[in-house]
Structure formats: structure tokens, C-alpha cells
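Take a look at the structure set out below.
Read from first to last, the chains carry the letters A, B, C, D and E; within each, the first residue is number 1.
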């Protein structure tokens, strides 16, 4: 990759979160509304929300929280930029994880019990999905012989064909990461939750907007990871990602929220066993 | 220019906080009915956030009594500016049929400033939507 | 982890109503739950001293917006008994129709909120979508969506015209079909079962001793339904109480779901038998004496104690609403449960706080 | 698991349940209980409505020939219109619109003179 | 009209209710009515197979009434309510809200008694 290409990629990565992520969020809300026989908000609704949040009065609970929101945002954007630069998958994952932890630390720093309980659950979620993500990355490594995304693109056939179970594991992670039912434990898009907004209860105004944008970045990142499973042609990648996302919204709409015990038990049991099956299968061939 | 965009964003995305301040549930379920498919206020970007720190529009239903007036005041103070307060139903306006009862202070406007009054017992969802739209006029200024 | 205290309410999105639950948690397990009330207390019983007994109908109707008509019906029945008024048969059947319509709309509302309490948003939306049809029936026949103000002492204020009867029947058919479509979701869905089965179990004996009423009691296997008293026209139509035996949140959900379908059937029966005749008899004179009136609300038995002394105003009006009787169940069910189960358990008794506090 | 699928798929394909309210206004039901309207020219100021109102929001002064109602305390039960002896008090089927300032309806009429000055006075 | 009323006195409140429990009655509620300046009427309602049975206690306002919440736990709520609204003290409540179930501390009057009772802590 040349320098000019690199700069373009960095800019594309930076822009993708706020633009692509926001559009995806808007589409998500419209689709959800359709599933519920509603009309739903306009496509640009998430942008209105975020712009409005930037214009709200600043109410900072403590300095830590402001710092944490910024750190989360920075980490999320860096991980996406690194993804666009086709960098090391492990590095991307860890930067993303650092960001997620900052979000939790910010929530822990406030005194609200909802925020505390939400942060607690978010930690459990991170604990649940990070090992699974590592499994996915290890699967890719075993297949291509490198942690670099570059090497995935260099692979001559879709990774999905070799790692189908890994993809199931990744979509499991996707459900957690997108805060969709049945895993919208720590915070939820709609208000009717026992923890109110859980993790995000004490973030407000522009800091909430920052976490929202960071969430968009994360969405782009996880969907980007999904697209790695079909690198041979862009239409295939878009179809795969689109289908997966549609599936996520569908699952969101047909299931109730479960508790974290179930998530950890089921997630690890299913994730680990599916990953192992896939890895063994890779070896056997 | 930026102000124009901001104003538009504000009117396009009113997040509501609903507080039942001692109503009979009539107006309450009408507020909830607004969120459901038949009225679907998410068309206007309205979502019920349930958390005062995120809210823009404060929907209050019901009479104020000696115990919940503190809660009401507290919630109002927690909502960051700019905010709109909409009092819903006869009880929220004046205390309605209960205004002579011993534990009723009166309408919501005795405790916090109210921008829009939505009459009705219970107020119809259409009236509530009208009320929020009318309240958003304030944000345009 | 040390003990945390989570203040649940008074403003909380899961409970649309202001009740405060002080939950003491160890990790995420509840060790103690104490409810605090008073956020909706208006002092409505005292209004009987400044409003006359006719005006009180509209006041008691506003005890609760969800089961308003049934409150008014219970009050009117009490006063009618005191004054010795015989209600015309058409009015009695109309009371059955409207009270059952209220039951359907209340149960659907509850099913929606219950679904929401375990994070099933689309089920919530679906239930409320169906519910709008019932509200349309209410509005077309009485003029208001929720607080319908149809009962007066001695009969009814409004009538259902023959054109409306056919329309109601066809709408009810739609409603029934839509509700039946949800049956598999509510009864067999894995995630729903996971969240409700075995949560907040009350045995029949426990439930009876705590003095519970309504679906909460019936879910524990005790067939107690005030409609068996045969008030209004319930003695002239076939009625069997719905009973489940498990006593957990799932059983309570099942009871209410089956009652919704049963209510549709009851309305059909009442419409089929709807006699012609006058709507109301004139209430002359003033009530005097003490009376107790009980009817079955969607949430259970409502109990009115009325004491009148021949004046325009009643001497004492005492209302014991179903949720008031069901609150002790919460104290028995919550300890030992998970924080994530709190909304499910709290909603499983169908709390109506404005009823409780009046 | 996923028992809800047929329902949401039906929703996805089928017609939306939403009434596009401000753009499409559904006509009110003919006996919907909405605003109270007093035709002051035929009002006899007998005071029955004021006595019957459960919310006590109507005041009638026979001597001064005034009729006033506090619409923000009105519960729209329709008892006043039903009990009106002269038929001047009617209940319309439109709901009352939200306002930014509370108002009181204050009507003055003269019993023998067909002449009225309806005016809305601000509350306090 | 009320049938099956048994009069009881302050001493045998708990005994009589315990007897009801043994007979398998379900606790319904209490109703309290003010009779005159010094006494109130408390009705204990019980239900068994749709038959109501009542115990009538005429209690003086100033002396505490023994609570039946140790017998029927559910009674604690209504006893607290009466404590709030009538100023009658109940002794031995399972959960005592100390007259703040409905009313705030700053409310000094008992709303349902025409003759105001300023409440004090019950003698321990």
C-alpha cells in the first residue's frame, strides 16, 4: 500500500464510522419498525439524534467520565482505521477491547446504581465475546498463516467456505456487540429495561453522542470482520454482511432478553465447541 | 448555519421522558399508546428514554401530591437544557376532578414551569402528539 | 461484593407508574425488597364528602384508568343495593359487555408490558396494536377511549346500537384471530419460557394465606373469581373461571392469556342474549345504610364498602383494590430472585398503583 | 424458539398499522366526547350543569347572566350537556387542542336580549 | 346490606382473627369509619367460598389497637393505611411505615378524622 493510498484509507476509515455506521443504525431502526408494523423514523434519524446531543447542555458527572467517553471514541475510531489499513487483526481487537473497557470504567466512576450494575454486566459481556473473537481470529490465522487482514484478501477463495462455524460464532458476537436482544443486558436501545439505560445512564449530552458514534465505529468494525469471510468479490461481501445484519434484526425481534448467566454459559459452550469443531475440521483436511 | 442544523436536529429528535406523577393511568397508557404501532411517534424521532439525563421533552401526567412533587422537581432539574415540559390531562393541568382532595397540590405548573398544556381526560394520543409538536415550537426559538 | 441498594422507581420505564421498590442486592441477587407508596395518593375516598353520590361515579371511575368502568359498575351496584333499585336486564347485559371489553384491553395491555419487562419489544408492540381495536370499539360506542363513563345508578347512560353490534362482532373476530396467532409465542417460545417459568413461585396455600386475588391467585390453582357471584348478568351466561396450577409468572401469564380469549367468548354470549328494553331506571331518594359490593376486575376482586346516612354525600367510601391485596405477594416472591427478574415478577401481579393508593 | 417469526414476517410484508396522524386525520366518531360548547343565546342560566358537574368546573351566575367553564379541569364526562334543560349546552365530538397558556371560557349573555360577548380570558 | 357481623373488643382482636384463620377464611381487608370524637369503627372483612364474614371493633382513638399482621401478614398494608389516614396506632405491625405510607412527614393532620389528631409515637 502506498502512502497516498494509506492516507485515503485512513480518511475513509475515519469517515466510515459517523457516516456508514449512522446509516446502518438508521436502516436498523426502520427495519425494526417494519417488523413491528410501524413506519419508523426517517433514515437520517441517528444523525439528528447525535447532532442534537452535541447541542445539549453539558452535565458532567465527573472528569473521568468525559475522559472515558473520549478514550472510547478514540479507541473505536483507531481500530476502524487500522482495519481499513488492513493491519493486524489482533492489534485491532485489543485496541477495540481497550476502548470498551474505558466505556465501562466511565460508567463505574459514577455513583448511579443503574450505571454500576450496567457496567458490571458490560464487563461480563466483554468477558463473553472477547475469547470468541480471539477464536475467530485464530481460525483465520490457521487458515491463512497470518494475522494480517492483507493475507485474508490475498486468499484465493472465500474464507466462509473454510470457516463456516466460525462465522456462526462471529454472528453470536455481533448480537452482543450490537446490543441486540437476547443480549441487550447492559444497555438497550429501547427504554423498557430494568436498568433504564444501564451502562449509559450517566453519560449525557455530547458524551452520549460520543459513545453513540463510537458504537457506530464498532458496528462498522464487527461488520467489517464479517465481510472478511467473503473477500473474493465485493458483491458477495455486501450480500453476506447485509444478510447477517438482517438476521440480527430478526433475532432481536423474535426473542426476549436473557440474563448474563445464560449468555456466558451458552456463549462459551456454543462458541468454544463450534470453534473447536471448525479448527479440527481444518486440521483434518 | 450550524445553528440552523442544530435547530432542525432538535425538532427532529425529541427524546421524551415520561413521568406518571400520580395519574389514574388513563393518560399514562395513552402516552404509551403513542409509542405503539398505531400512532408510532418514532416517525418524528420521538423515543421514550426513561432517563432524565437524556431527555428533551418531559411529559408529565397526573396530579402533583406532597410526596411526588420532590421527585418531579428533581427529575426536572436533571434534564439538561433545552427542555420542554408538557403537562397532560385534566389532572396535570389543574388537578382535574381531584383538585379538592386533601393530598393534591394541584397542576404540574405549581411545581415546575410548563410549556404546553394538553387537556382531556384522558388526553387522546392525537392531542398528545399535537402537544409535543406545539412544545417543539419553543425549541425553534 | 458488598450490598448495593437499587432504588427501583418512582420514575422507571419498566413500571409506568410511580412505585418505589427499595431493593437490597448481593451481587445480583435480591435479599430484601420493600415497597414504598404514596406517590399517587390523592385522597379520593375523602372526596365523597364534597361530591354527591351521583358525582362520585365519575370520581371512582378515575381511581384507575385501565379498569375504570368496572370501578364505576361496582360502585353503582353498591348504591343500587342500598337504594333497592332493580337494574333493567338490558343494562345488566351491557355492563357485562363493557366490563369484558375492559378486561380484554387491560389484559392485552398487561401482556404487552409483561413482554416488555423481559425485553421482547415486538411482542409488546403487537399486543398494543391489537388493543387499539378494542379501544376503537369503546370510542365508537361510548365516546371515549379509556374512561368510558357509561354506568349510572340504576342502569346505563349509553346504548349499543344494532349496527354497532355487528361491527363489534366482526372486530372481535379479528382480535381473536390476532391473539390466537400470539399463542405459540407466549406459550412455547424458548426465550419467553426461560424468563418466566419457575420465577416467583407461590403455592396455592401461600397465595390464599397472603389474601391474594384475581389471576395471581388463580394461577396458584384456586378457583376464585367474583364473576361466580353472578353480579350484572354473569348468572345468565356460561362462565368457568380460568385456573392454572403452577403458580409462577408463566402460569399467571397463561391465566391472563386464556382469560382474554374467554372474555371474547363472554361478550359474544352477552350480545347473543342482549334483551330489548329500557336502559336505566330513575334513581330516586338517597342511599342509607352499609353495603359491601364486590366485582371481578382484570386484576382481581375489588371491594367497596359504602356507608351512607341518607344525605346527599356518602359518609364513608372505602375501596380495596386488587393490587392492594396483591402487594404482599411481591414481598414474598422477590427475595432470592435476580435483579433481571424483578420487572417480570413485579409485573406478573399486574400492579396498578393508582388503584392501590387511590 | 423464534415462534414470533410468522407474526413479524406478516407485519413486514403487510400493511402498516400506523395512522399517519398529523397528515391523515381520522374523522372523530360521531358520539365522541369532546369539547363542551355553550350556545349562550339560549342558555337560561339555571345552573343545573354547574350542580351536576363531577369536576365542579362550571360556574353559573344567574344574576349577572354569566357562564364560565374551566376547560383544563373538565373531565369530558358529558354529564352537563346531558342534563342541560334548555339544550344550549352541547358536547362536540372534537377533542380540545393543546394550548400554551391555560384559558377559562367565560361567556356573558342576557336572557331576553339575543346578544352575547364570548371571550376567552386568561387564567390569573 | 352487611350480614354475618360479629362484635369484638380490643382484647380479643388477635384471638378472633386467629380463629378465622383456623377456619380457613381469606383475609380481605379492614374498613375504618370515624364515629365520633373519640371512637372509630374498624371492620375486619374475611371471605370463604364467596361468603363474607365481618368482625366489628369499636376502638377508641387514643389507645393502640393490636395488629393482626402476625396472623395475616397481608394486613400490614391496610393497617399502615389506617394509621396514616385515621391516626389510629397499631401495635406489633410486621412492617411499620410509621405513618408515612401515603402521607409525607410534613402533613400533620389525619385527613379522615374530622377531629384532628396529632400523632405521636406509640408507647413502646
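By definition in this document, a residue touches a chain if its C-beta (ideal position, glycine included) is under 8 Å from a C-beta of that chain, and two chains touch if they have at least 3 such contacts.
Everything numeric here is computed off the predicted structure, so don't read it as measured data.
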*What chains do chain A and chain E have as common neighbours?*
B, C
*Report which of B-D and B-C is connected by more C-beta pairs in contact.*
B-C
*asked:* Please tell me the distance, in whole Å, between the geometric centres of chain A and chain D computed from their C-alpha atoms.
replied: 52
*Give, as an integer number of Å, the spacing between the C-alpha centres of chain B and chain A.*
34
*CA centre of chain B versus CA centre of chain E: separation in Å?*
39
_Distance from the mean Cα position of chain D to that of chain C, given in whole angstrom_ = 28
*So which bits of chain A are touching at least two other chains?*
35-39, 190-193, 196, 253-255
*Can you list the chain C residues in contact with two or more other chains?*
12-13, 38, 41, 43, 46, 58-59, 62, 120, 122-126, 129, 132, 144, 147, 189, 191
*Of all residues in chain B, the ones touching two or more other chains*: 37-38, 40, 43, 48-50, 67, 96-97, 100, 102-103, 121, 124
_Those chain pairs that satisfy the touch definition_ = A-B, A-C, A-D, B-C, B-D, B-E, C-D, C-E
*Would you pull the chain A residues touching chain D in the complex into a rising list?*
34-39, 250-251, 253-255
*Which bits of chain A are touching chain B when the two form their complex?*
29, 33, 36-42, 45, 47-49, 51-52, 54-59, 190-193, 196-197, 200-205, 208
*Under the touch definition given earlier, write down the residues of chain B that touch chain D in their complex.*
37-40, 43, 86, 90, 93-97, 99-100, 107, 109, 115-121, 123-127, 129-131, 133-134
*Would you tell me which residues of chain C are touching chain A in their complex?*
4-8, 12-14, 28, 115-126, 129, 189, 191-192, 194-195, 338-343
*For chain A, which residues are in contact with chain C within the complex?*
32, 35-38, 113-114, 116-117, 120, 181-182, 184-185, 188, 190-194, 196, 253-260, 262
